[in-house]
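Data block below; observations after.
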Amino acid sequence: MKLLFLLKEGFAGFRRARLAVTIALATITLSLALLGLFGLVAQNLSDSFQRVFYQIRLEVFVDPSLSESDFQTLKSEIERIEAVQSAEYISPGAALQEFEKDFGKDLVAVLESNPLPPSFRVLLKTGHSRPEAIQAVVRRIEALKAVDEVVYPENLIRLLDKYFLLGILIAVGLGTAIFAISTLLIFNTIRLAIHSRQRVIEIMRLVGATDAFIKAPFIFEGILQGLIGGLLAAGLLWLAGDLVRYLFLPGLSVPWLYLAGLVAVGVLLGCIGSYLSVGKYLNA
Amino acid sequence: MKLLFLLKEGFAGFRRARLAVTIALATITLSLALLGLFGLVAQNLSDSFQRVFYQIRLEVFVDPSLSESDFQTLKSEIERIEAVQSAEYISPGAALQEFEKDFGKDLVAVLESNPLPPSFRVLLKTGHSRPEAIQAVVRRIEALKAVDEVVYPENLIRLLDKYFLLGILIAVGLGTAIFAISTLLIFNTIRLAIHSRQRVIEIMRLVGATDAFIKAPFIFEGILQGLIGGLLAAGLLWLAGDLVRYLFLPGLSVPWLYLAGLVAVGVLLGCIGSYLSVGKYLNA
Amino acid sequence: MIELFNVSVKIDNRPVLNDISLQITKGEFVYLIGKTGAGKTTLMRLIYMDLFPGKGNVIVDRHSSSTIRRKEIPFLRRKVGVVFQDFKLLPDRTVFDNVAFALQVIGSPKRTIRARALSVLTRVGLNHKRYQMPHHLSGGEQQRAAIARALVNEPFILLADEPTGNLDPQVSTEILALLESINRSGTAVLMATHNYGLIRQFPHRTLLVENGKITAGEAPYSKT
Amino acid sequence: MIELFNVSVKIDNRPVLNDISLQITKGEFVYLIGKTGAGKTTLMRLIYMDLFPGKGNVIVDRHSSSTIRRKEIPFLRRKVGVVFQDFKLLPDRTVFDNVAFALQVIGSPKRTIRARALSVLTRVGLNHKRYQMPHHLSGGEQQRAAIARALVNEPFILLADEPTGNLDPQVSTEILALLESINRSGTAVLMATHNYGLIRQFPHRTLLVENGKITAGEAPYSKT
């Protein structure tokens, strides 16, 4: 069977069963758009969650008696730890100012001298946000000499971590559900679209067409539907992404590769769906 | 036309076009389950987000010279503000202990006396979490005599608020998309299911059936599909809810009313979808 | 009762019927003959208003093709029984339900439906197959089911489009006798047929469709 | 070439054919007559193996109903041309594509397909309608399209199930002449018909299906 014939027959299916094919196409487009939309939202949410909440900040209190050059050495020692993005020196004076902002002027006024030690404000690289990872870094910093104590909001981090994990669980659960449902919906409409040509298949068999000969154009048609549906869905998401970016989320990312993946999923589902569906009518 | 006839014909449709009706039913069930699932997740997430992050805590520093009974009066004055849930007295000693936990022993050791004033830890009722609402409460507390200063993480709250609003926006956007897509998918399969009986409709017309006579059983069938699909979706969600609650989210709520709403949506979509679809074949 | 005034029909821009006038009076029995593709089925579609003339006017009972509203067409069709050339049985229900449907449409009570449907199925000799689905019937059995449905609500005219094409001569004769008895009780019959032998056996007014025109015709004595 | 040995067929537990033996040799022309619902179509379905006998054995060419594998059936059907009683045209493509399909199936090159399809459409007198969809054809035109499709890939046997049921006598005669000329070039023909006149005009071996049995028959001289 020549590819040209296949191609022609596959496209002809669009003409021959216009409504059924259109509706199958719409289902594929919509299901994939939904799937893609969800994936994008989940991806972007998780990204920005990590960006906003998860750049962990440690306060490293150090020995006040250190010299200026000691501070420099310590800073570079801290920054050499691979999880650390930057270490910023906070003088006792600067610390006091912040303290005043947090606890009010009156409190500072009753202090006789500045009780606050010098410190480094250490930012960890994004991605180092699991409590255990942070603890490891803290231990390494505490092992440096001249470091008195490392303070960070451990409980809050554990809490956020727990909710982040839960969030991922929910996202994966929802995503799986959406994927499974999309797949079923797509299979179902393809099935229905082919069902509407049950009589055609029956007649083809009576006229001496082999199963493969009957199947091939349907499968090709399914692949085409998946391809077109996938492209439409990708296009929709691309446009929606542009709109959302323009309206309120300049940071939104809609990666090309992701959209390409969506198209691939469409092609795959179209192919499998039509394969299974024609099969049903051939083996009847 | 008698209701009995309608009922019989509506059910007969299930037998007469088994595959088409089964698939339409599956689509309705899956689409509604997806819609319902999303709504449930969004609702529960927002609830627990509010519960966990949004019970706002204010630190109210007060004049250290107040007597024990003044503290009592002040406490009840604060608690009389309607947004306030509770006010807990924190003595300077207790405050110092917490301070030590946050900033290290060494810092406390250098202090000559306890510089921390007595304070109240004020919890706001859930639901009072918008920055403006909090500011109003803060202003009312500051207006009380003997209150020196009210401290709370204003920037963090503004940030969270912004993200919460964004989250709601995203949820509403996603929800609308899912709803629109579900509706289209349901309409489409109903359309296809009725399309597969195009010939039947055509013959009915030729035999002298009025439009209403042809329509009624189809619409009734659509309503039935919506009802059954809605009930199945509700059942699925109910079971899934039980499972999730048992596995890792004891607090998950799946309100009856919500499920009933889902069924109602199903019935409505089934009704409208079949109404529109038969219409297409009658006016052709 | 049925009148066509200067009716012309084009399908796909090709003239099928051309300036035809015709009258069928109450209780008449008329044959319609003509070559394959001449326009016999087209003429019948005009009468049950599945097709409207490009020019001219078709009048059936009190309905006129130029003034009838969409809503009135079902009521016209209830008075016109049609045996379609390709049967047009509802594929999703039994023979009995197919026949019953024509009665349900006019709102007959259930008991009447049952009695009438069974009686007409018996008359076409299909009572024993009444609970079969149409695609489980032989060609001739399907044709008889179509005849039963057309007869069941006692139309004032019966349009029969080659109603014996799939029947053996003996059953054909029986069906013709049935049509004549119905005709005697006042129902007009317009029957398209290629079976000239049948026309000679049951002679009636015969119309010939040829080249878009309808003329009084006669069954030619071909050898078949 | 076609042999039935003690074949019995039950459909829905009702015996339709009962212990039938039959032989049709290469190049024969055989009529099949019998009442509506007697089992003529059923017999044909046995031959193109759409139906398998409950008892006995059907042998077509080198294929036997008791040993044939599912995969081989399409290849059997390509050697058997069938004019179905209800035409079974593919509703989603033109007359030309319907005829061409039977050739595409066997992998004929495009040019051959075109030439053969046009020639056979001309022979059944349907060339001018070749780009019409089946449901835009009159009953007789559809029947001729079905005949064209059955003939196009030169089967070694042609099963024609009432192939003139919707045709006027003149076209029927032409089609019969066509079948005879095809038969003379070596194709066997098995034709079910109710048209006894046609049998008398073109006499051939005639089989009568009656009460589940097949006997040598003769077209009765009924008046029709």
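As written, the chains take the letters A, B, C and D, and residue 1 is the first residue of each chain.
Assume contacts are C-beta pairs under 8 Å (C-beta built on N, C-alpha and C of every residue); 3 or more make two chains touch, one makes a residue touch a chain.
On a predicted model such as this, the values are computed, not experimentally measured, just so you know.
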item	value
Any chain that touches chain C and chain B	none
Centroid comparison with chain B (C-alpha atoms), farthest chain	D
Chain centre separation in whole Å, for chain B relative to chain A (CA means)	22
Whole-Å separation of chain centres (CA-atom averages), chain B against chain D	66
Where chain C and chain D are represented by their mean Cα positions, the distance between them in whole Å	28
CA centroid of chain A to CA centroid of chain D, Å	62
Multi-chain contact residues (two or more partners), chain B	none
Pairwise touch network: line, ring, star, complete, or other	ring
Which chain pairs touch, all of them	A-B, A-D, B-C, C-D
In the complex, chain A residues that touch chain B	19-20, 23, 26-27, 30-31, 33-34, 37-38, 41, 45, 52, 61, 102-104, 106-107, 110-112, 115-117, 148-149, 151, 159, 163, 166, 169-170, 173-174, 177-178, 181, 184-185, 188-189, 191-193, 195-196, 244, 248-249
Chain C-touching residues of chain B, taken from the complex the two chains share	1, 5, 12, 16-17, 197, 199-200, 203-211, 213
In the complex with chain D, residue positions of chain C that touch it	11-12, 33-37, 40-41, 85-86, 136-141, 144, 161-162, 165-173, 194-198, 200-201, 220, 222-224
Of chain D, residues touching chain A in the complex	48, 50, 71, 74-78, 80, 82, 84, 88-93, 101-102, 104-107, 149
